[in-house]
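Chain lettering (A, B, C, D and E) follows the sequence in which the chains are written, and residue indices restart at 1 in each chain.
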Amino acid sequence: MLELSAVNAFYGRIQALKDVSIRVSAGEIITLIGANGAGKTTTLMSVSGIVRPASGAIMFEDRNLNEVEPDQIVAAGISHVPEGRRIFPYLTVQENLDLGAYLRRDRAAVRTDLDYVFELFPILSQRRHQPGGTLSGGEQQMLAISRALMARPRLLLLDEPSLGLAPLIVQQIFEILGQINRENGTTIFLVEQNAYMALRVAHRGYVMENGSIVLTDDSTVLLENEQVKSAYLGV
Amino acid sequence: QREAEAQPVRIGVAGAHSGDLASYGLPTVNAAELVAEMYNENGGINGSRIQLFIEDDVCQPEVAANTAAKLVGDGVVAVIGHICSGATFAALGTYLDSDILAISPSATAPDLTQSGDYPNFFRTIASDDAQAQMQVSFALDTLDVQRIAVLHDRGDYGRGLAENARDFIEADGRAEVVVFDGVTPGAVDYSAIIARIQQSNADAIIYGGYHPEASRIVGQMRDRGMDTLFISGDGVKDDTFIQTAGPASEGVYATGPMDLSGNPVAVEAAQRHRDKYGEEPGPFFLEAYAAALALFNAIEIGGTTYEGITNALRNNTVDTSVGPVRFDARGDAEGVGFAVYQVQNGEYVELR
Amino acid sequence: MNYFLGLFVSGLTRGSIYALLALGYTMVYGIIELINFAHGEIYMIGAFTALILASVLSIAGLDAISILVIASLVAMIYSAAYGFTMEKIAYKPVRNSQRLSALISAIGMSLFLQNYVRLAQTSNFLPFPTLIPRLGFLQQLTFQVTSAQFVIFVTTTVVMILLTLLIKFSRVGKSMRAASQDKTMAMLLGVNVNRVIALTFVIGSATAALGGVLISSFTGQINFYIGFMAGIKAFVAAVLGGIGSIPGAVLGSFVLGWTESFGAGYISSDYEDVFAFAILVLILIFKPSGLLGRPENKKV
Amino acid sequence: MVLDVRGLTMDFGGLRAVDQVDLQVNEGEIVALIGPNGAGKTTFFNCVTGMYVPTAGTVTIARPGTDARQITRMRPHLITAQGLARTFQNIRLFPEMTVLENVMIGRDCRLSAGILGAIMRNKKTVAEEKQVVLDSYAMLEIVGIGRWANETAKNLPYGAQRRLEIARALATEPFLLLLDEPAAGMNPQETRDLVALIRRLRTDHQLSIFLIEHDMSLVMTLSERIYVMDYGKLIAVGDPGEVRRDPSVIKAYLGEDVSA
Amino acid sequence: MSSQATTQPQPGRYLAYAWRSLLVSIWFAILTFPIIVIRANTITGTITWRWHNIGWIVGGTFVGSWIWRYFLERKRAGAEATMGPLRQRLAAARAVVTQAARRPAVARGGIAALLLLVVAFPFVGGMYQTNIMTTALLYVVLGLGLNIIIGLGGMLHIGYIAFYALGAYSYALLNLHFGLNFWLALPVGALVGGLFSLAIGIPVLRLRGDYLAIVTLAFAEITRLVLENWSSLTFGTAGIRNIPRPAIAGIRLTLPQTTTFVYFIMILMVVLTIFVVNRLENSRIGRQFVAMKEDFIACQAMGVNIARTKLAALGLGGMWAGLAGVVFAARTTFINPASFTVWESIIVLCTVVLGGMGSIPGVITGALVLILVPEYLRAFAQFRMLLFGAVLVTMMVFRPGGLIQKRRRAYTISAQEKQVAAEIGDPGIQG
């Protein structure tokens, strides 16, 4: 479904991605783990067209995304929960969610999806008319995830969704991810620091170091890998 | 003889050519170009071509100082300009030091001539106090008004006129200044100040400023059915005023150089302007045209030395677009008679 | 009392005039946080286009109403095109740089357009034809309201309501607000940010042109410089009302208009602009984000 | 007792974000504040550090060995001068300045050079400036990001930015350090390094530490006492063992399966 | 994208350029049609059609658009990592130059050459050149002063010229009434400028960004309007004339001599300004200015007194304007409020942004460019301001960060000091 082949990306003179190749098949959950500054965020940004690779190709269902504008990439069915949440601070929670469904025309379905996310995160429905900027950190994270869900993407890119969330909610988030993957067939590309949880929900995983992919395998295998254990699982 | 032919007579033209006051400076450029062209077509002055150095001073003193230095460097013998009194003050010192004279079509500050500080300055326009004096005596003696509102456009020309008028009225004692205030040029609406004039029961307004604001003030006054008399100066004595203000302009008084409609030079000047630039001449065009004529004539008579030109200017009378002109010792134009005009049936008619 | 009413109407007129310009200002500011110094120039170009068109049409022998309608429409289309082009040339390339670069670019644009019109047309004032017909029912009021004043006021109100609805409730409006707060995120949600910004300029410029036609019919004359001071006043009004807020721009304009006309009427018209600027300072001291502006989100 | 908060309440319009909270931190103690998202933890921090003016309640601090003083409603920079320092949940560095300069800003509040000193560059100022650079660099080394000293702050990876925040806070010479989610965005290995760092800070710099965190592995290993908030109210206090077993905490926050 | 660009065959690219340029020129032909072609004169009721103008527009925009596109593309390519061979060579050359400049002999030589140039300038350039250079130097001082407020303090101030006006009027009036001489007026002007800047700073401390901008603009306009209307004190629009030029007791100078003298006064003042601003910038205060600009909340949390820091920036900035104002009055010998319009504030703002905010060499370059360019554009007469506007836009599009951009200072820490510091820290956790 999504294929990055030998992607290189730069920030000015700093090379953030070195020959990164990643393949995501339809219906799969894959996770990308790695230390701070490894280049995970950059990888996701290059998929959604915010960072432009200097070389290499990003293919989404036989379409080369290298030159496609970000809004067209969204229209193609990719939705991205970026690092740092990026809630619209002066729009209300409701309006933030509406914008999630910006490209959708099926009003009735949008309404059911809205009910669905409010059910997932009841606190959001309580805060419905509050400006997004005044939410607590965790509430903002919930809103960011919900907003992406509202787009009903076929491919969901998530950058550290568990950041700043209470343990109870973290568990819940990962359950939800599994659930929408199973029920709606949404493909998920997950970047996480909480490698243990991520690998448990994902089918396959990639490990990134200093901008390069150093390891990839089924997540059950990675969970047992000594190197991964010591570096990322903290055991 | 050969030498002289090779050496053009260098003349500076300085004033606001960009920015908000450009419309008062550019007509002078056109006038200078027209007159220079006329001379050059006839073989120049004593065989030398006239070469113009046109420099923008945006009507700002410090820019004018630079402009003046530039013109000095260019080797001009005389300058037509500047347009605003402030810029003129700032430039004159530089000219004086380099033996260059300036002849302005529009700088009206009394001090320019009356202080005696600037023997190199001449002008083809009356100073503020002369015009103001005329407006006030006309209002008091002829129109016999008791309550006068004095308005101005806050520029140095308009405010100078208005302040002089106010002082004359107060000194005279027969009438009372009921409102003294400024309007903002380019403001969208003047009804507040008009309402105030209405409230004050003024019989007449003396306005110092230019025609764009005047036409709007008069227009809005007549719209309200006010028949307050309106007296202004040469900034308003311009046919554009009649065209913009339309019927509201009927009855408006303005002082201005005498005898222009019948003046063949003025008629010809306007016609040449239309031919060359395809539009009506703008403010101070005739004064500038007169300045150029007087200056070139003086050079023809007195040569290109400072002494020669200034003497010639003071001692010869020339027919110009503002009438026959000769300059007095201080640099004001003698013989530019001033008269009061009134708009009657869509044109300015000289009274008396 | 009549005097007071007169001043009131005068303030209302000024206010409506400022508002027509402030609306565009505030929209553009709202989306790219740019003090668009050239907005006044767009208004001036609208007025010139209308003047040129009206002259051509009146020679062609059309009646006043058709001239008004056609001239306004064409002026709006042209100004919108100018706004659009200006954004592409002068603002889009600096969008991702420091904010002040765009401001300087706007100042350059303003100078350029002023002189462009001065050179191509004239530096002199030109009488602007009275395009607005006389409205009979206004004569019956006890105080003086001219047709132009009335039409300007009504137009301002209508435009304000339409724009408010557009921004608050329409999809486009939501995307405008989103783009104004976080362009990257808006893109990530599928908003074509370039198009949204261009559209904002188009709408803002068309409003300015409408203002240009109506205001010039009221003032009766135009030249290449009318945009500058009007632009500054509109900017003051927009800030006074809370920049970025559509109703704020209108409220700010009225406050400004009344301050000026009452100040001029009761104190001195010499200091009219001083009152205008003083009220601005005063209001901002007590309400740092303007009358209807959104307060700073202080969440830490 | 270095921090003593009594009856702290904070309202936003109709919303009571912090409700009558009493809380103490003792000298040399590491105390954690946990609770569900939106419970009011960050708001509580903001009230203590003067970013928000609380609706009600008092905040008292005492630098070890000195008298207690009230800092309620004091302006933030004065509170910092008193010896409280904090980090931010949503990182707030000076993005265009270098890493070293970021720390130097923190250091600056302990210096005295004024405008005249800066212009004259007298001996005292020169010495002071030199010392600031060295001290600040030392702070960077303490948190382990010395090699990035001349890098622009915004280009640092997330985890390093968090450390920089700590270094910057340390530079103000606090006796009480408030950390808002210091481990967010760190992987378990990095979190362990952080735990070590915080422990070392306490011993080496005689600090008391008060932190908010959602990472239970960190909270449970590090803190000596834990306060739990929910809907603005305190629902539990105690040592890690007690809190972990508290049914109301499990219900509101931890969930059944705590993998820590 | 660079790979895409390079793989595309060159001729095809130029053809695409040409096509786009053609479209652009047609668009512009339509856009400018009413204004450029038709001239309506509502006074005479005539209409002139000037069809030939269309030719100019089409031709001009075709070429213009081509060049524009070419350079935009280059700029975009330049932003990416891969440097073209030319740029690499340029960078190498620059490195050599900076390397050389570090050598004391070369540096000394460079300074000597600059000094010679500066000293010789009035004698070689003549009075006009000296005059405009003096104006440019005045704007250098203004630019550097405003840079303290905007470039360092991050407060968008567009009323800066008010302090300049007050400096000028202080000298003019004190001289008129009390015979105060130029040299004594200098500190007085600086004081007036600084104090006034503080005074208007206090009420607006809470304002940020563009709200501050408009309020400062408002204050400046109020100042100008008061100068204009309070005739009994300020002589209103008529202005004050015969302000004495700077003099040395007992020596009579001719006009060209005073011009040169003022030039040297300005050179000294610029040197002083650079000295002070440079020291400020690299001090505790300067750092706090920048920090305040970057994150105001974090800055408070770091113990910085925002109010005091803001006022310090405002006061320091205002002083330079007051000082420059005194020289201004002494130089033109005539002042009136027309010299202190919003437009002047905007020009000073432009010098700061165009040069490179916060960078001293940048601001100097900006001021020189902005004042000298319109002077040298005088050759284009009528088109002067049109071109000036275009120059502003073009510069911003192609160098949005300013001509010389600010670089944050890098501090060097010796190996030994590193060692000491590392011992304090725990090497075990170094990431």
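Following the convention adopted for this analysis, a residue touches a chain if its C-beta (ideal position, glycine included) is under 8 Å from a C-beta of that chain, and two chains touch if they have at least 3 such contacts.
Please read all numbers here as calculations on a predicted model, not as lab measurements.
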Minimum number of chain-to-chain contact steps, chain A to chain B: 2
Given chain A and chain E, the chains that contact each of them: C, D
Chain whose mean Cα position lies farthest from chain E: A
Most remote chain, CA-based centroid, reference being chain C: D
For chain B paired with chain E, centre-to-centre distance based on mean C-alpha positions, whole Å: 37
Inter-centroid spacing, chain E versus chain D (mean Cα positions, whole Å): 41
Where chain C and chain E are represented by their mean Cα positions, the distance between them in whole Å: 29
Touching two or more other chains - residue numbers and ranges from chain A: 36, 134
Overlap residues in chain E, where contacts from two or more other chains coincide: 39, 41-43, 229, 297, 382, 385, 431
Residues of chain B touching at least two other chains: 18-19, 154, 182, 240, 243-244, 279-280
For the chain E and chain C complex, residues of the former touching the latter: 27-28, 30-32, 34-36, 38-43, 45, 47, 53, 72, 150, 156, 203-204, 206-208, 210-211, 213-215, 217-219, 221-222, 225-226, 229, 297, 342, 346, 349-350, 353-354, 357, 382-383, 385-386, 388-397, 400-401
Parts of chain C lying in touch with chain A, wherever the complex brings them together: 171, 174-175, 177-178, 181-182, 184-193, 294, 297, 299
Residues of chain C defined as touching chain E within the complex: 29, 33, 35, 45, 48-49, 51-56, 59, 78, 81-82, 85, 89-90, 93-94, 97-98, 100-105, 107-117, 119-122, 126-129, 232, 235-236, 239, 243, 270-271, 273-274, 277-278, 280-281, 284-285, 288-290, 296, 300
Residues of chain E touching chain B in the complex: 39, 41-44, 48, 126-132, 135, 228-229, 231, 236-239, 241-242, 254-255, 259, 328, 331-336, 338-339, 343, 375, 378, 381-382, 384-385
Chain C contact footprint on chain A (complex, rising order): 48-50, 69-71, 74-75, 79-80, 82, 86, 88-91, 95, 98-100, 102-103, 131, 133-134, 147, 151
